[in-house]
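Please find the structures below.
Here chain A shows up in two complexes: once beside chain B, once beside chain C.
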Partner chain A sequence: MTIQFKNETFRDDFTFSNSPEAIRRFPFPFDKDQYMYAVNIEQHMPGPAKSATEFPIDIDEHYVSEMRDRALVLKADPLRCQSLPHMITAEWDLVELLMESMAKHYPEHFTLTRDGDRWHWINRPLEIDQTFTFGDAATLPCPPMEYVTRQCQGDFCLLDQRNDNLWMDAGIVTTQADWSLDFDMGMNFMEWHGPVPLAHDMGVFDRALKFLLNLQQGRPVRRLNWTMTVNPRLDTSPENYHKWGIDRTTVTPENVGNKVHLRVELQALWRLPRSNAIVFSIRCYLIKMEELVTIPKWGRRLHRVLRDLPPELVDYKGLTRFRDTTVDYLARHDDGAPTSPGFFPD
Partner chain B sequence: MSGGVEIPVRVVAIEQATPTVKRFSLAARDGAPLPLYSAGAHVVVAMDAADRRIKNPYSLIDRSPDGSTYRIGVLRTQQSRGGSAFMHEQVAVGSELTITMPVNLFPLNRTGRKHLLIAGGIGVTPIYAMAEELARQSVAYEIHYAMRDSAHGAFADELVARHGDRVRLYRDDCQEVIAVDRILPNQPLGTHLYVCGPEGMINAILAGGRAAGWPEENLHAERFLAPPGGSPFALRLAKAGITTEVRADQSLLEAIEAAGVDAAFLCRGGACGQCETRVVSADGELVHNDHFLSDDEKASGAKIMTCVSRLKGRELVLDL
Partner chain C sequence: MLVSNIKSRPVYGGLKVDDAARRHLVAAEGEGALAVLAAFAGRAEATARATVLYAPGGSAGEDHAAKLAALGLDDLFVMPSQATLITRLNVILATATMGTRLYAAGVEGFIGSVVAAGMAHGVDQASIRTEHRGSLARRVQCVHCKGMTENVTVSPVVCSHCGIQLLVRDHFSRRLGAFQGVSVNAETPGEIPPAEELYA
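Up next is the complex of A and B:
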C-alpha cells in the first residue's frame, strides 16, 4: 500500500485538507449522541483495515507536510523538545518502537536493518538513509528521541515511573491542543492534569494512574480525546497563543464549514522494555466541518454532541466563541434521524 | 489472559546453585528471542501440576546476550503450597512451562545519584539484575548480600567476580550482620536503597533508613509473598454464579482460575493491586496478606487481594 503524500500547510495559507479516503478513516471520537468524560481506555489492538488504528503507529497522507511543520516549530522554539538526562534509555526504547513499527507496516516507505547494535534506517518519503549504533547517541545527528520523532507523526511524551507516579521527564510536543511541554516538564501525572475540570471529582485520574502504573509490556492501550480548532493549525500551543487565539473570533456562518475543525487525538501508551518508562503518544487528526458532514451519521451526531455539551467543557475546550455558529451549521445536516451505535460510518 | 501476554517456554538448563536453590534457564518454545526487560522485573511462571495449575512470581536474574534464555532462581521453601516443590522435584531439562511478559514492580530510580543494593538469601535475584544494569550505566552502587553460610551464597562468587570490591558479603554462621546503622549514614545525598530478602530483614533495613533520616521515597523494597495456605473455605462468585472450594494448598486466585473465571492479576505477590476484588459478603474473618490495601481498607472488609489473601471461615462471596 503506497501512500500518496500531500504537499500542504498548517499555517499561513492553510492549504490542509483531507482526501475522501482520509475522511473515511478519520478517528471519529463519539460512539453515541452525547459526550462526557470517561476512562475510555481500551487495548491498542489492530482496528479495521485502512482505519487509523489498523497499525500501532499510523502514517497517513499528511506525513511529509506534518514533518515539515514540526521542523518549523522546532526551529522557532527548541524547547518543544526536551529530555532529562535519566531518560536516555527510554529515548532508545522509543527509537526501537517507532522504527520497528513503521518499517514493518509501511515497508514501501521505511526499511530497518539490524545487525546487532549496527542499525540501518531508510526513510524514503523524507529521503533519509542513516546508519548508526543503537545505544550510542554520538552516531546520530541529534539525540535519539528527537531524531526518530522528527520522522514520525504525533507528539510523544516519555513518562518515568517512580514512587508510584508517572513523571513527564522527556517529550517532543509540536501539535498540541493548548498545553506546553516546557511548562509540564518534570511534573507528575496529578500535577499536569490539574487544570482539567470535573474529571478530578469523578476520580478519573486516580483510576487512570493506577491503571497506567500497571501497564504491561506487550499490551499497549489507547484512548481518543477531542477538541475543536479554528483553521487547520497543528501548533496550537500556549507559547503561540498570540498567533492563533484570535482565530476563534473569525468564524462566520459563511466560513464555518471550512474554518472550524474537529481535532481528535489518538492517544496511545506503551510500556517500554529497557527503561520501564511509558511512552504516551498523542497523534492529532483534523477534519473540517464540511468534510465531516460528508459522512451523514457524523454530521448528525456531532451536532447533537456540541449542542448538549456541558458549559464547563465548552469553556475548557475553548469553544465558547464559535460553538453556536458551528451548531447552527451542523443543524442543517441533522434531519433528526436516529444514529447507529459505534464510531464508524454506516 | 488477564495477566497479560503469555510466553510458552522450555527449561533448557538447571543448576543446583546451593542445597536449597536451583537456577533454571528458560527458552521460548518457538525459538524467538525473549523480550527485553528492566532490572528488577519478574515473570509469573505457570506450572501444570497433576491436579491444578500453580502460578508463582520469580524475579529475572538475567537474559542471555543473544536473548535466547532467561534465568530465574527458585528457593525450595519449607511452607511451599507446591510451587517451589514442583519446580525442584517435577521440572527437568525439557519441561514445558508458561511465563508472563516481564513486569517490573521493583525498578531502579533513574534519578538516583548512587544505589545501595541489599539482599538476603534468595532475595538476591532482582539485586543481581540491578547490579548488572548499574555497572553497564557506570552509576555508583554498593552491594550488601547476607547469606546463611558459604554453601548458601547462591550468587556470592558471581557477584564478586563481576562487581569486585563493590560487594560486601555477610555470613550468618560467622555472626556477620548487615550493620545498617554504619552503612546508611554518610551516603551521598540522592542515594537510593533497595532491599529484597526475608520480611524481618526488610523491616530492619527500612527502619534503619528511617532512623538515619532518609526520605521514604528513597527507600525501596520488594516483598514478594508466596501466597500462604490456610484452611479450606467455600467460595461463591456472585456474577459468574459459580460456587467452588478454595483448598488448603490453593490461593484464592488459583481457585477462581480453576473455576474457569479469567480474573485480573499481575504480580501474584500482594504488591501491585491488579487483583483487587470487591467482597460481597464474608462468613468468617478476612486474612489480608497483601502490601497494597491500607490498614483502613483492610479493616473495612470491602476488598480483598485474591493473589495472597483468603478467608478463615465458612464462605466468601466475591463480586466476580
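Up next is the complex of A and C:
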C-alpha cells in the first residue's frame, strides 16, 4: 500500500493535520478513564493491520514533512545529535535495524540490497540512492546514526549497558517533550529520569531498569507515554522553550479544538546484536482536540482523564495554563456514557 | 556532607586513599584542601606517590596551600584559578599511566569539572573519589545558549551570557558538572519572580 505523504509544517504557520485514516490509527494511550504512572511495558508485537504498531518501525503520511522539520532543527542546533566515540558499533546496529525494517515493511518506498558489506539503500520519498560499505563511516555523507535517523520518524537514543545500568551515550532528539539530549548525555537511567515526579517513590524506575537490563535480542518491547502540546510543534525542546513557551498562553475557548494537541510517544526498545546496546525510540504522534473528538469514545475518555489528573502531573506535563479550557471543551463531547475497555475506537 | 533528594545529583563518597594506587592524582579547590589534609596527613607511603593540584580560590587567606606543602607530597601545583588547574590536570591525565587514582575535593561545580576531565581521558566516573567541601553554590548551564554561570546561590538567576532569567532546576549533569537553568518567564514575558536564596 502506497502512503500519500503530506506537505505540511510543524512551525510558523502550523499546517499539520491528520487525515481521517491517520485519526483512526492514532495510538490513543488511555485504556481506561483515569491515568496514573505504570511501567506499562509490553512486547513490541505486531498490532492490528493499519495501526501504528502493525510494523516495528511505523512510517506514516507525515514522514516527508517530519524529516524536513528534523533537518531544520539540526541545522539550527547541531547538539541535538550527539554520540560518544564508543557508540559507533551501536550506530551501525541502528542502521541495520531501521533499514531492514523499513525496506521489509514498506518495499514500495524503501529498498535495501546487501552484498556482504556492500549495501545499497534507496529511499524514494526523500529521493536518496546511496551505496556504502557497512562498518565504514567514511562511505556515508554523515555518521551512521545521523544518516539513518534523518530518514526515519521518531527520536532515537542509544543506551550503553555497563555496571548494571543503562547510559545515554548517543542520540538524535528533535521532537522531544521538553528534555535536553545535550544535558542528559552520559547520564544513567536513574539520572535522566531524575526530574520525573512521584514515579521514583513508586519504584517505577527500579522495576523498569531491571526489566530492560534483561532485554533480549529479537524481543523488542514498547510503551506509550503522553503529554499535551499547544500547536502541532514537534520541536518542544527546552533549548527553544523561551520561544515556544508563550504558545501555552494563547489557548482560548474559540481556538482550543484546533490549537491543543494530545502528544503521544510510542516508545520502543530493542537489544542490538553487535554492541549489546539498546535502541530507545521515541516516536511522537500529534492529534488536535477537534480531530480526537471525531472518535466519540476518545472524546469521553480524554475528558475524564484530564479532569481527574493529579496536580503534580498537570504541572510536570506543563498543562497548567490550558488544562481547564481543554477540559471545558471536551466536556461538551462527554455525554457521561460508559466507555468500553481498551485503547481502540468502538 | 551534601544531602539531596535530587536523583541526578551525585553522591560524594569522601576522599579515601586507595592503598592499591601507584599514583594519587588529587585536584582540590578552596576548602577542599581540608579534605586532602584529612585523607593524606600522616600517610607517608601515599604522599610520596601523590600529585596534588590546588586552586585556593576563596580560601586564599586560609593558608591551606602551606599545609599541603608540609605534607611531603611528590608534587604540589598551586594554581591561580580553577580553569588553569583543569588545564594542568588535562596535561597530567594525558600522560597518566595504569594504576593512577583520581580524586576531587571542593565545591560541586569544581568536582564536576574534574570528573568531566577524567571522563574525557577514559577514567570511569564511578572510580573517581570525591568530597564536597565549601559553599553549596551551584554551577548552572543555560539550556538556551549553553553558557555556564558560576557560583549561583539564588533562583531565578540571570544567565551571565545571554541574559535570560533562569529557573535553576533540580537536575544535574555530571558530564557538564552543572545544574540546568531554564527560562523562568517564557510563559509570562516581562514578569520576573523574586530571587530566592536557596543554596548559600
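Keep in mind that, in the parts below, the second predicted complex is superposed on the first by the 346 of 346 C-alpha atoms of A that agree within 3 Å, B and C clash if a C-alpha of one lies under 4 Å from a C-alpha of the other, contacts with A are read in each partner's own complex, and residues count from 1 in each chain.
We take it that a contact is a pair of C-beta atoms (placed from the backbone, for glycine too) under 8 Å apart; a residue touches a chain by one contact, two chains touch by 3 or more.
Note that the structure is a prediction, hence the values are computed from the model and not measured.
In the superposition on chain A, A:193 contacts chain C only, with no contact to chain B. Of the two partner chains placed around the shared chain by superposition, neither chain B nor chain C is touched by A:142. Using the contact criterion defined above for the overlaid structures, shared-chain residue A:185 touches chain C, although it does not reach chain B.
Once the two complexes are laid over each other on the shared chain, residue contacts for A:202 go to neither chain B nor chain C. When both complexes are overlaid on chain A, the residue A:36 reaches neither chain B nor chain C. Judged by the touch definition given at the top, the superposed model places A:219 against chain B, while chain C stays out of reach.
Counting the residues of chain A that each partner touches, chain B and chain C differ, and the larger count belongs to C. In the superposition on chain A, contact is made by A:163 with both chain B and chain C. Judged by the touch definition given at the top, the superposed model places A:242 against chain C, while chain B stays out of reach.
Looking at the shared chain after the overlay, A:76 reaches neither chain B nor chain C. Across the two superposed structures, the residue set of chain A contacted by chain B and also by chain C is 163. Interface of chain A with chain C (complex): residues 79, 163, 180, 182-187, 190-195, 200, 238-246, 248-249, 321. Of all residues in chain C, those touching chain A in their complex are 6-9, 119, 126, 141, 143-144, 146, 164, 169-176, 180, 182-183, 186-189. Against chain A, in their complex, chain B makes its touches with residues 4-5, 35-38, 40-41, 101-104, 107, 109-111, 217, 266, 272-274. Note for the complex: chain A touches chain B at residues 86-87, 89, 160-163, 210, 214, 216-219, 273-276.
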